[in-house]
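In the two complexes that follow, subunit A is the common piece, with subunit B as its partner first and subunit C second.
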Partner chain A sequence: MKTIEKLSENILDKLSIDFLRSQVLKNAYGNNDTRIAAMDPRMLLVWYLFFGLVPWFVHSVPFLIGCFLLVAVTTWMARVAGLVLFLFAVGVFSQTGYLFLVTLLFGGDASAVVPLLTLTLKVATVSLASVTIFSGLDPDKLANGLMWYGCPERLSFSISYAYRMLPLLMEEFQNVLLSYRLRGNPPAHDTFGGKIRYLVYQVQIVMHAFYPLMLNTAKRSRTTVEVLEIKGYRYAAVNKEVKKIKLSALRLTNDDLLFAAVSFLWVAVAILIATLV
Partner chain B sequence: MNVVEIEHLTYAYPGADSPTLRDVSLTIEQGDFLAVVGNNGCGKSTLCKTLNGLIPQFITGDYRGRVSVCGLDAAAADVGALAQKVGYVYQDFENQIVRPTVLDDASYACLNYAQPDYLERGRQALAQCGLQGREDDFIWQLSGGQTHLLALAGVLSLQPEVIILDEPIAQLDPQHADRIYAVLRRLNEEYGKTIIVIEHHTEYIADFCKHVLLLKDGRVQWKLPAGDALQRVDELQSCNIFPPQVTIAADRLRKAGEYHADRLPATVEEGCAVFAPRARVAPDAQAQPAPRGAEVLRFRDVSVSYRSVKGEPHRVFQNLDLSIHKGDKVALIGSNGAGKSTLMKLMVCLLKPSQGEIYLNGRSLRGARPEGLSREVSMVYQNPEDMFIRDSIEADIAYAMKVRGLPDADARTQALLERFRLAGLRSRDGRLLSGGQMRRASLAIGIALDPGILLLDEPTANLDIATRKEIMHTLEDMKQVTETVMIATHDMQLVCEWAERIIVLCGGHVVADGPRDAIFRDRRLLETVGIRPPEIFAMGRALEPGAACYTIDDFVRRFTGRAPGAGVQEAAV
Partner chain C sequence: MATQKQAANSSQKLMVFVLTMALYGLATLFTELIPSFQVGIVEFSVEYFLFIPLSLAMLFDPMSAALGAATGELVFSEIMLGQFGGLGELEKFITVTIGVYIAGRLVRDPRNRAMVGIAAFGGVFIQQLLGCIVDIAKVQFGVEDFEAVAGLPESVFATEGFAFLNDVLFSGILFCLLPTLYLVPKLYGKIEPLLGMQPRTEATAMEPIGAKVIVGSLIAFAAAMAAELLATSGFSVIDWEADWAGSGTSIAVGIVVAAALSVVAVLAIRKKGEQNTRKGV
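After this line comes the complex of A and B, so read on.
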């Protein structure tokens, strides 16, 4: 009940769109000077392929702990925004943590920990690896990396365009939401029932606010589409030369090799320990 | 040499009943700086879009005639080839920027056309636009004026011979507007580019442009040298183009038989030679300072800071003290980023001060919510589109009243629709209205609950001058309806004609607060804060240091035309 009360009070105030916006911006643009951000996206994508897939198929706890520690370090290196980490924690808990509580509640004991720990470690490792890549790399680099592996140009353009539009969209969304707040008449929320109604009302507003946002965006995009035409977007999409120029900026450095080597060594040691135990 | 040759061009948009352009024939010489003027909807933008092939290659329609640009046939040549000859900067230039960082956006077109030295070209274009040093910034770190320069750089990177700009300074404060035009002049004079601007600000036309093209109902009326064009005061005004205030004042004197020079002045410098003070001046009707009403809003020791993406929070206000009284008609002025919008957001509780108290009608706003204040304070945003949350303006105006279950909601909605001349548009979506209609609708929404205090953020920004006059008229009309009004604005004509009290913000402090005489006569203040009074005020000042003419009427009352061949002595009354 306390939580509901808190949530009802907070949803538009403390967890304001302004806060969300600053966190998203921080995440997208605020950490382009970290070690992770400076690395070659192609190498990181391969790295991610390993840490995003392999943990699912391995059941050895020492190996998983090893992987988890490594991605925890890379997440720290990528200086990921607080909100993302919070969502990560909530996500992991909602996946497995509650199972442990339920087990305890129904008379289970600590022996339930080990199987649950395996699952939790898998989920956590994969999530943190994703967080490192998708939040540590600047979206443009990520897009270039994907393009190098043959993803269509349209996908990579969409990624960087989405990030370019993000601040604008969030600001606009915030303004539309404010219109609802300034002119709306929320239900009284002194009683418990009122608080629930208030919570529902707020969620409704957030959903309603998407409609004007869509229309405003549609209006904007008219110019953007014409501009893309003039700036030769369609021309570039079919021109191999352009792709080559774009990707020529990608370069493997010693840092990348070092990072790959350290990761490899670490995993090797983890496997060794896993076989010894 | 002509860079543009148009012969008998007639064009109608797909599905339109009548053509937008009718039998247009026109040549533009290389190196020209041409202003295209005309009424709303007279085909200015359409004409410009035929030059880079967007019409008819991208927007089809009924197209007859021939357009040739730098020797290319605009209807048949590759859009890419044309883009390297003609650049286009849109009126909504923010939407023209498609990449996240500055250099990336500036070099994007060159990259797409497979020019291996694309980064170098981008850098060069940024330097031409005075944006060197900002290469690695994110585009949302730029101010409005810088964003416009970036849009220009993105176009310039292909080094086109012709650059078209659609209302380049509509959204900018005067400092930024000057900068844009200085860049355009440099491009024109140093780099030999042909510049075409669609422009309503005749002061800038007088200062910068070489020729003026008047379009009316899709036809070319004339193309004349700028100086001659601005002489045609009546013809321009009939097309809703307002010549510089100095020119209008001279024209008015000429009609009264008091102006004797051959030509009307277009700039303050020219005005100095042709105007003279009247011998006897009818004393100004001294506006009696109205007795101050009760205090409705009070800021006590308020500090505010914003989170920023990197580094320290950005501090907007520090220890701000301010009172607003009932009946005040306040203009809030100051450069971009001085905190005007922040101050308004504090008043409607959308932002909380990190320190200090704000009192509304004697009650502290600490812990209050915006929803609870809507009947006391109302705010109209700078961007009216964000206020349209229903699918028709009628529903939008009624929304706040309906959700409160006010019994006379329907009747009041009708009254507001009538009052703001929106009755015929009631079922339209607000977004699809014209600029002026949108603005009127947003004002109607703002006063729907009959708030005691109305806050307006830049109500005249982004409007052409005719629409702006109309909105100023509406604001004047609203003075009787709403007791206390505060307008945040860059528009000094609006400030001079409308405001009774002016608050100047600078660096998070109130640096001046008083009636217009106290603000505009303080030369040092104007310089430090970067306020530019209306041209007519500057004209008065140039003729007589003590003069304070806020409107053309004030000016004509005080000055007259200089007698032919005479010094500064006479004036018939």
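After this line comes the complex of A and C, so read on.
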């Protein structure tokens, strides 16, 4: 009995906000030393454009399997946080597995499996490719890459801002939440009705916690914008010279070319197999 | 002064943008991480914290708040977590923007609770409806031989329709309507001075929604639809693929040889580079 109690406690521990926070931070900041992170964002974005789009248009199963294997390897290379992979698995299932169950419910049979399997393979390939890029690259680099391709300055500003503000915001939210809990008086949750009341109470606290958070963030965003104004941000955002200086750090290396060439070879072999089958 | 329209200058618009982005981004980050649980087929999830951009759009410039919310969701929960889904995200971006913007424009006086409630519910309704339409279209184009699969068409309409009702009635009321009704009157007059602005009143509000807004929304929605279908259909490309598959293995062999040559070339360049640096030192 005691071990079971301990086990459930363990699982609950894992699902705390602290755990979520550490996973998110690990994902955003923790893998700057991988091979994928060291690559040029411009090349990776082109790579992503291929693996994010082409699988949707192709119905050949060998080709899709080939693409899937490749992006699985790159995901492994990027050392993506466990939680993200878990969310990926849940997402893929909820997109297609759920549909399969309902299809069975409406009198479909096993013939529904094949198209759905292709669909699953497509969804999995496309999302793993995006996991590789958006979780493997550090957001600052990603923002620079997007900017190079002429994405609106607002977007790359938002990414850089989010990257820096996220830990602060999460901590503040947690502090507000904890102070509400400290002052609050949660309902007893032994019975079923009590459990529901407890859940409602928790949700209510989260909602209430946004009130002080909104005021604090309003103050902070004013400070941020005023500081940006002092530095001439709105002028710099549209100035070509500034953009040039900002992007001068990007450099295409031999590693990038090798990565692109190997991916190309792999895809070519997959196409060859697809035509042979 | 009092009759002036509530026109924020551009740095204040940026403030509203940053504020909404940070808050809604944080909230969607949590919803992305907290697993939803299902009782039967009724899904209980803290679907989204749309009440945050809704409240802010009612208090401040609606367009900045709407764009901020959509960007926040994109950046925090998709890009930071590596869940970015390519072109499909464009659809969410546009539907959230339309929903929040219209809700924000509907409210002329944030002290009028009835109007706030209607606008909040309307915003969710619009956003969910647009998303639902796109979802159905998406599955119809995404699966090969869609009509040939027994039971699939009905199941798609059933699941999507049910998810729509579930989201609107459950999340719409619990997580959007009630918190917005709580927050808007409470924030009114308190949060505006923090950004250096006057609170919105009947006299300073923008004109009621005109044909221009509706036409603009429809065009934006058409763009979202087009992006989504572009990402999932591509029938002409399938034809092209069949052609190319039929034309035989020789072309494929050619591609493989070209790819292999490029790998060899890169390796050769690398080796040469290494030798050069050694010589150079």
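Basically, the second predicted complex is superposed on the first by the 242 of 277 C-alpha atoms of A that agree within 3 Å, B and C clash if a C-alpha of one lies under 4 Å from a C-alpha of the other, contacts with A are read in each partner's own complex, and residues count from 1 in each chain.
One rule holds for everything that comes next: a contact is a pair of C-beta atoms (placed from the backbone, for glycine too) under 8 Å apart; a residue touches a chain by one contact, two chains touch by 3 or more.
On a predicted model such as this, the values are computed, not experimentally measured, just so you know.
Room for both subunit B and subunit C is found when the two structures are superposed via subunit A, with no clash between them. Taking subunit B and subunit C in turn and counting the residues of subunit A each one touches, the greater count comes from C.
In the superposed pair of complexes, A:Pro167 makes contact with subunit B only, with no contact to subunit C.
Our angle of interest has its tip at the CA centre of subunit A and reaches the CA centres of subunit B and subunit C; in the overlay it is 100°, to the nearest 10. Once the two complexes are overlaid on the shared chain, A:Ser221 sits against subunit B and subunit C alike.
In the superposition on chain A, A:Gly184 makes contact with subunit B only, not with subunit C. Applying the stated contact rule after C-alpha superposition, one finds that A:Arg251 touches neither subunit B nor subunit C.
In the superposition on chain A, A:Glu229 makes contact with both subunit B and subunit C. Using the contact criterion defined above for the overlaid structures, shared-chain residue A:Leu119 touches subunit C, although it does not reach subunit B. Within the superposed three-chain model, A:Thr275 lies in touch with subunit C and out of touch with subunit B [touch as defined at top].
Shared-chain residue A:Ser22: touches subunit B; no touch with subunit C.
Across the superposed structures, the minimum distance from subunit B to subunit C, using CA atoms, reads 6 Å. Under the contact criterion defined above, the residues of subunit A that touch both subunit B in one complex and subunit C in the other are 139, 161, 163, 211, 215, 219-222, 224, 226, 228-229. For subunit B in complex with subunit A, the residues that touch the partner chain are 52, 54, 58, 79-80, 83, 88, 90, 92, 94-101, 104, 108-109, 111-114, 116, 118, 138-140, 154, 307-310, 348, 350, 369-371, 374, 378-379, 381, 383, 385-389, 399-400, 403-404, 429, 431, 445, 448-449. Those residues of subunit C that touch subunit A in the shared complex are 10-11, 14-19, 21-23, 25-27, 29-30, 32-35, 46, 49, 51-52, 55-56, 71-72, 75-76, 78-87, 139, 142-146, 149-152, 154-156, 158-159, 174, 178-179, 182-183, 186-187, 190-191, 194-196, 231-232, 234, 237-238, 241, 245, 248-249, 252-253, 255-256, 258-260, 262-263, 265-267, 269-270, 273. Against subunit C, in their complex, subunit A makes its touches with residues 20, 23-24, 27-28, 52-53, 56-60, 80, 83-84, 87-88, 90-91, 98-99, 102-109, 111-112, 115-116, 118-119, 122, 126-127, 130-136, 139, 142, 154-155, 158-159, 161-163, 165-166, 169-170, 173, 203, 206-207, 210-211, 213-215, 217-222, 224-226, 228-229, 234, 254, 257-258, 261-262, 264-265, 267-269, 271-272, 274-276. Those residues of subunit A that touch subunit B in the shared complex are 18-19, 22, 25-26, 29-30, 139-140, 160-161, 163-164, 167-168, 172, 175-176, 178-186, 208-209, 211-212, 215-216, 219-224, 226-233, 235-236, 239, 241-242, 245-246.
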